[in-house]
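To keep things simple, chains are lettered A, B, C, D, E and F as they appear, and every chain counts its residues starting from 1.
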Amino acid sequence: MSNELKEYREYRQKMNERILNGNNKVIKRIFNLDTNTYMEGALDTRTKEMLGLVSSMVLRCDDCIKYHVEQCHKLGITKEEMFEIFSVANVVGGTIVIPHLRKAVEFWDALEDEKNNSGK
Amino acid sequence: MSNELKEYREYRQKMNERILNGNNKVIKRIFNLDTNTYMEGALDTRTKEMLGLVSSMVLRCDDCIKYHVEQCHKLGITKEEMFEIFSVANVVGGTIVIPHLRKAVEFWDALEDEKNNSGK
Amino acid sequence: MSNELKEYREYRQKMNERILNGNNKVIKRIFNLDTNTYMEGALDTRTKEMLGLVSSMVLRCDDCIKYHVEQCHKLGITKEEMFEIFSVANVVGGTIVIPHLRKAVEFWDALEDEKNNSGK
Amino acid sequence: MSNELKEYREYRQKMNERILNGNNKVIKRIFNLDTNTYMEGALDTRTKEMLGLVSSMVLRCDDCIKYHVEQCHKLGITKEEMFEIFSVANVVGGTIVIPHLRKAVEFWDALEDEKNNSGK
Amino acid sequence: MSNELKEYREYRQKMNERILNGNNKVIKRIFNLDTNTYMEGALDTRTKEMLGLVSSMVLRCDDCIKYHVEQCHKLGITKEEMFEIFSVANVVGGTIVIPHLRKAVEFWDALEDEKNNSGK
Amino acid sequence: MSNELKEYREYRQKMNERILNGNNKVIKRIFNLDTNTYMEGALDTRTKEMLGLVSSMVLRCDDCIKYHVEQCHKLGITKEEMFEIFSVANVVGGTIVIPHLRKAVEFWDALEDEKNNSGK
């Protein structure tokens, strides 16, 4: 596993625990609601994760992008599909999105490397 | 046709013409690119319009929301599906998105009314 | 009651009903969570409404501003206090907030007029 | 003078007075600072107004756009120059800026009409 | 003192000096105005710092969040109060605020550690 | 060449290549359009780069700011002019822009150091 993936995942898990330990009911419910939002419904999880990704890109939130890129990767979304999601984000959000596109592609590449090396 | 739909469409068309008459190459290419972005590709137009809609909602652009709500409506996206797109936008973007959700639902209702009355 | 107050309140109520009729669980929970957020806790409702107002101003959401201005008005926040909330919003958010400040002051004036005329 | 120009100018002036009557020192200083920002310096006022306009467009603030479009118009910025400012805003900020471009062009047209009819 | 706190404070001080050395009157006045905004007035500094914090969170500015978290910490705002400020920011601003919440909690923990270790 | 400049340039070039290798037509056209936007026209490149910089600042995108600061530096824009661009960004965008101003000034200083040391 690359350092980038490892650090991202460990930091995320550690801080989520710290946040939930704060024991604030509203924040706990937001975390819970966040999980429910992407469950199968009239739209499938795959589509909803794409919606979460494009939203994160136009709002330019690198950590949110990483989270949804990983979910999309797990769900078998192809590179061509990923780039079309990226294209919508860049047309709607403008060139200001490009630095976040760089990070998204870098993270995608790390996930691909991890997958390709996992059986070795 | 409701006044809201009529005014929205006429204003949009009139001003798009005024903009294109400005004869600026970069702006013309953005308009052209905007159209191409939502064409069939690795993802179908239906999915891409949903991506455009959720992006417009989290960026809180009422006119962009109207445009994509209408496209989604034309493509046969159901009310249940629409509300799931809205739910992703509201969870990702927060309660600040609610006023735009109101406008989106109002516009959807106007489109439904138009469809139901069109054969009479 | 001024037309502005009447229209704002009626539209808000009508569309909230339309949204809740959509029967989407995630959206219903967001509405519910929104109410709970401002309840008495370690911070009192008065402080929380001020936090909601300043957030709405820097995010430049006129309808959200109106909602929190009205809540603050009901809770007896004075004009001097309101202007200090506005000042934080304008320093943090920049002159881009000024048009929303105009709307906020206009709405505050309408609420004051309503209060002053209510006993007549 | 068109209704749009008249209403915009009167509302702006009326509400600025209401705001300054609030007598908040920080807000008064922001208004004062806003004026000073665009004065001649290492960069001329013309360039600074263009900077103010493009900033207002990417931040998608219609009233701020109107203000700077009028200042640019007074300073003799040509339509071709205006459209190049618009093009930067639309490339940097994305298609989400287009609805604000429509309003900007509409306002520019109103200013041109006013100028052309002023001698009649 | 933790490395994170040390680096944050040293970088902030060094660059503020570089900025003020630029000798731009408008920027100097913004820095001055920023200080004045949070002084005691109709609202106390404690409330104003909370307003500054929640604004920084919904606008998702990590360095601004750190600054106001530290001010709130100095003013004796409790962890329970902090989490209620965070909850308003997360409800208003959406899950997109969560990565900034992680950073805020991490910084708060560092400040608590510093306080607890300062007498040893 | 400073590490900061080196890393910024190498990362940017590497990831742009990765993005273009994705072979998505819409994204390629955005990159192409981005280049064309700043070419000489009714406005000269110098003015357009200033417009790109101020837009990047108010939208608070550090990598975009670095790109335009470097372009402005190459075009001979003086430090006094730079600070006036910064002042517009900070007045329009508020104190939330200050952390990005710190990064911009740091990057400018690195470019000045590089220039001063290049003949040695």
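The rule is short, and it goes like this: contacts are C-beta pairs under 8 Å (C-beta built on N, C-alpha and C of every residue); 3 or more make two chains touch, one makes a residue touch a chain.
All of these numbers come straight from a predicted model, not from anything done at the bench.
The pairing of subunit E with subunit F is characterised as different-residue: of all residue numbers used at this interface, under half are used by both copies. Relative orientation of subunit C and subunit F, expressed as the C-alpha superposition rotation angle, is 180° to the nearest 5. Interface comparison, D-E versus A-E: the higher count of C-beta contacts falls to A-E. One finds 25 Å separating the Cα centroids of subunit D and subunit F.
Note: centroid distance subunit B to subunit C, computed from Cα atoms, is 27 Å.
Residue numbers of subunit E whose C-beta contacts span two or more other chains: 26, 30, 33-34, 37, 55-56, 58-59, 64, 80, 83-84, 87, 90-93, 95-96. Taken as a contact graph, the chains are fully connected, with every chain touching every other chain. Interface residues of subunit C, counted against subunit F in their complex, comprise 58, 90-97. Interface residues of subunit D, counted against subunit F in their complex, comprise 33-34, 37-38, 41-43, 47-48, 50-52, 54-56, 58-59, 64, 78, 80-81, 83-85, 87-89, 91-93. The part of subunit E that touches subunit A in the complex is made up of residues 60, 79-80, 83-84, 86-87, 90-91, 95-96, 98-99, 101-102, 105-106, 109.
Here subunit B touches subunit F in the complex through residues 25-26, 29-30, 33, 36-37, going by the rule given at the top.
Looking at the complex, you find that subunit D touches subunit C at residues 11-12, 15-16, 18-19, 22-24, 26-27, 30-31, 34, 55-56, 59, 61-64.
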